[in-house]
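Structure provided below as structure tokens; questions to follow.
The chains carry the letters A, B, C, D, E and F, assigned in the order they are written, with residues numbered from 1 in each.
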Amino acid sequence: MNELTHIGNDNRPAMVDVGDKAISHRMAKAKGFIKLEPATLELIGNNALKKGNVLITAELAGTQAAKKTFDLIPLCHTLLLSKVQVKAELKEDGAEVVSEVKCTGQTGVEMEALTAVSVALLTIYDMCKAVDKNMELGRITLIEKKKETVTE
Amino acid sequence: MNELTHIGNDNRPAMVDVGDKAISHRMAKAKGFIKLEPATLELIGNNALKKGNVLITAELAGTQAAKKTFDLIPLCHTLLLSKVQVKAELKEDGAEVVSEVKCTGQTGVEMEALTAVSVALLTIYDMCKAVDKNMELGRITLIEKKKETVTE
Amino acid sequence: MNELTHIGNDNRPAMVDVGDKAISHRMAKAKGFIKLEPATLELIGNNALKKGNVLITAELAGTQAAKKTFDLIPLCHTLLLSKVQVKAELKEDGAEVVSEVKCTGQTGVEMEALTAVSVALLTIYDMCKAVDKNMELGRITLIEKKKETVTE
Amino acid sequence: MNELTHIGNDNRPAMVDVGDKAISHRMAKAKGFIKLEPATLELIGNNALKKGNVLITAELAGTQAAKKTFDLIPLCHTLLLSKVQVKAELKEDGAEVVSEVKCTGQTGVEMEALTAVSVALLTIYDMCKAVDKNMELGRITLIEKKKETVTE
Amino acid sequence: MNELTHIGNDNRPAMVDVGDKAISHRMAKAKGFIKLEPATLELIGNNALKKGNVLITAELAGTQAAKKTFDLIPLCHTLLLSKVQVKAELKEDGAEVVSEVKCTGQTGVEMEALTAVSVALLTIYDMCKAVDKNMELGRITLIEKKKETVTE
Amino acid sequence: MNELTHIGNDNRPAMVDVGDKAISHRMAKAKGFIKLEPATLELIGNNALKKGNVLITAELAGTQAAKKTFDLIPLCHTLLLSKVQVKAELKEDGAEVVSEVKCTGQTGVEMEALTAVSVALLTIYDMCKAVDKNMELGRITLIEKKKETVTE
């Protein structure tokens, strides 16, 4: 029987201490998908939606969201991201968002990469919701993660 | 040929004017899912994860995120939400998050409901990422939307 | 035996629905105190602290914090405050902060008034911490609360 | 006569320059108290309040507030907190909140620890205000502070 | 002699009470300018800057900033903006930004319109600063303001 | 013909990677001006405006805005500012704001200095808009920028 199960109700949420971890170069890539109807894809492709350019707006929203991860996910640490790149692209039956986030610090940047993808997808949803009633966000996963020792 | 396609590159993003819309009672429900391994489900169920109580933390993060939708999604309007409820529950192969958001105002609350679900799922991901390497967020959709005339 | 006690662990946090409450004129006043040493009081009174004018900075910080209550207190609703006034004054053995907050809406403004007081007191602490090692914040309470029907 | 008194009205608030300070391991602990009625203590203990689990919600709110200290206290510096822990516990006549914050940086983390405690206490107030009309926040103080040289 | 001059140092900042003002339809337009070198104008016009599409990014940044005015300008009230539109256009010797903001509420939206313009101009500065060392922001003014009674 | 012009519409906004830049001591100074009428200058000088002390409020608003630059300017990196100083002074035909920002990091602090100046000027505008209908913000420029190698 698992000893952990004894922790029970006293197991209160807490931001874990990363103060003793080494400072490393961190990288994470994430991706996600939003299912769109053919008519919506055409409107986005032609930049013809009333709310404006969908892909650029989504990429910017995702980029800004990465910097706010510490404020959105309660137990995430504030980090100094050195790079945030969010790419939104049209595919056959929807749009795919891929993000890459880098940081030199004591904890990984998966949550920043995943948050960027999620908020970019939500932004696409927002801009297309007047014309597409069958959208669905999904397949949001981490696709790569790296940690390299800082050498001076 | 669609006339909209002529808008082209001049179609700049803008927050649409909702000033002439009637003030209505608005409601939206959304849901989403995160795939988790059996061992992770057991740890959550036993409240045995190092980072603390997963479901409550996720629900609170989702609730707070709903109130920040205006700041995350560039073209969303600031709204006075009268209700935000986020429920996270364990299922056979993961956790499901359902949200319900209400507002009396000039624009709908779908984005608030979807943002609440997404951030709650991201919070589950964050709290379980040390023990589960195969998580995936998905099936994030609107499940209900209502608009009722305000009668005085 | 109290039936409420059966709610137990399933009692998850949620922002209560205020959508059916009447829109009223709301007012709340709160106050609080920070204990300061005589030498600190003299420095504040003479506006001679290295960090600058303590009372004005505290009042502004409290005013701004009132507007962020929805972001700080997880289950508070976003409100449109029509008035926020924060007054910090030197007393015999410390400084007293009094706040008054008004709003026309569906829920009271106690938390906004109390948050304004708390953040104003924390700001005084911050500005004096280089010279005073015995500060203590306390006596933070609601001093008045009003709700008046909106008559048109 | 104190020369400082000559600074007078020209003493404008400013974030002091910490650029020349050594980077040290910093730690601060703070605590605070909220007076509660016996009936309220029982409701919290039985997790029977309408707004949900009080202690966990307060701890999470305090944790998140610590990360926002730079935004709440005008002259505080942005810091990369490596640890934030907030514990809320029921006592005989109220609830006590204790926080511990760590950081490796150029300035101390007292304000972060005190802000965490204050916002956790305000959250308890918010969740109990429907049932307890005599709450008071107080005894908010720093209980420990450490600074250790970084050795490499 | 002006009686107001007696207010002196006791004149502490405070958010004025707008609770008794009528709810009106409010509109404000503002504009501003950033001086740019011919080579920079060409790079923006060709969408050839390393940081990406300048005008769209500036417009989105201005739009989002309008919604954050309450958080940036200490004595501004939180408002529910019904429309925010920010347009950035290249002129002979720089770029001009024009904003239009609408709201139905108790106080005007000049500050929101001016904040949108300022942050859009700052964003242009940020995206061009690697190639243009002589930029200057200016001519930021209100160009129109309207207030109309709400008729039901 | 400029090769850059081929980038065209695919040139999406992205936060550039600063991860390989050296960590340096960075400093930037910026300034700006707001044109005010003689009567307004007298009211500010006598601290006789209804909204309170203009210069201190503007300086504090500018200081806080510097810390939020990452959140306002989409492609700016989050930075740990070691110093922020904002000075507002009355001149013959208006008020001048000067800022100085320092940081030890991988990217410059121009945007932080310029954002501080802009928000301080907007705050002066806000506090004087009831009495002065001819205000204009301008001459916002960088006045100095330094980068020094970190020597240990």
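Annotations
Quick note on the criterion: a contact is a pair of C-beta atoms (placed from the backbone, for glycine too) under 8 Å apart; a residue touches a chain by one contact, two chains touch by 3 or more.
Just so you know, these numbers come straight off a predicted model, no measurement behind them.
Shared contact partners of chain A and chain B comprise D, E.
Inter-chain spacing, taken between the CA centroids of chain B and chain E, is 30 Å. Measuring from the averaged C-alpha position of chain E to that of chain F gives a distance of 14 Å.
Residues of chain A in contact with two or more other chains: 9, 12-14, 16, 52-53, 56-57, 60, 64, 68, 71, 74-75, 78-80.
Chain contacts here follow an irregular pattern that is not a line, a ring, a star or a complete set.
Under the contact rule stated at the top, the pairs of chains that touch are A-B, A-D, A-E, A-F, B-C, B-D, B-E, C-D, C-E, C-F, D-F, E-F. Taken in their complex, chain B has these residues touching chain C: 25, 55-56, 59-60, 63-64, 67-68, 78-87, 102-104. Chain contact summary for the complex, chain D toward chain C: residues 2, 4-9, 11-14, 16, 32, 42-43, 46-53, 56-57, 60-61, 64-65, 68, 71-76, 110-111, 114-115, 118-119, 121-123, 125-127, 129, 135-141. Across the interface of their complex, chain E is touched by residues 12-19, 70-71, 74-75, 77-80, 105-106 of chain B. Taken in their complex, chain D has these residues touching chain B: 52-53, 56-57, 60, 64.
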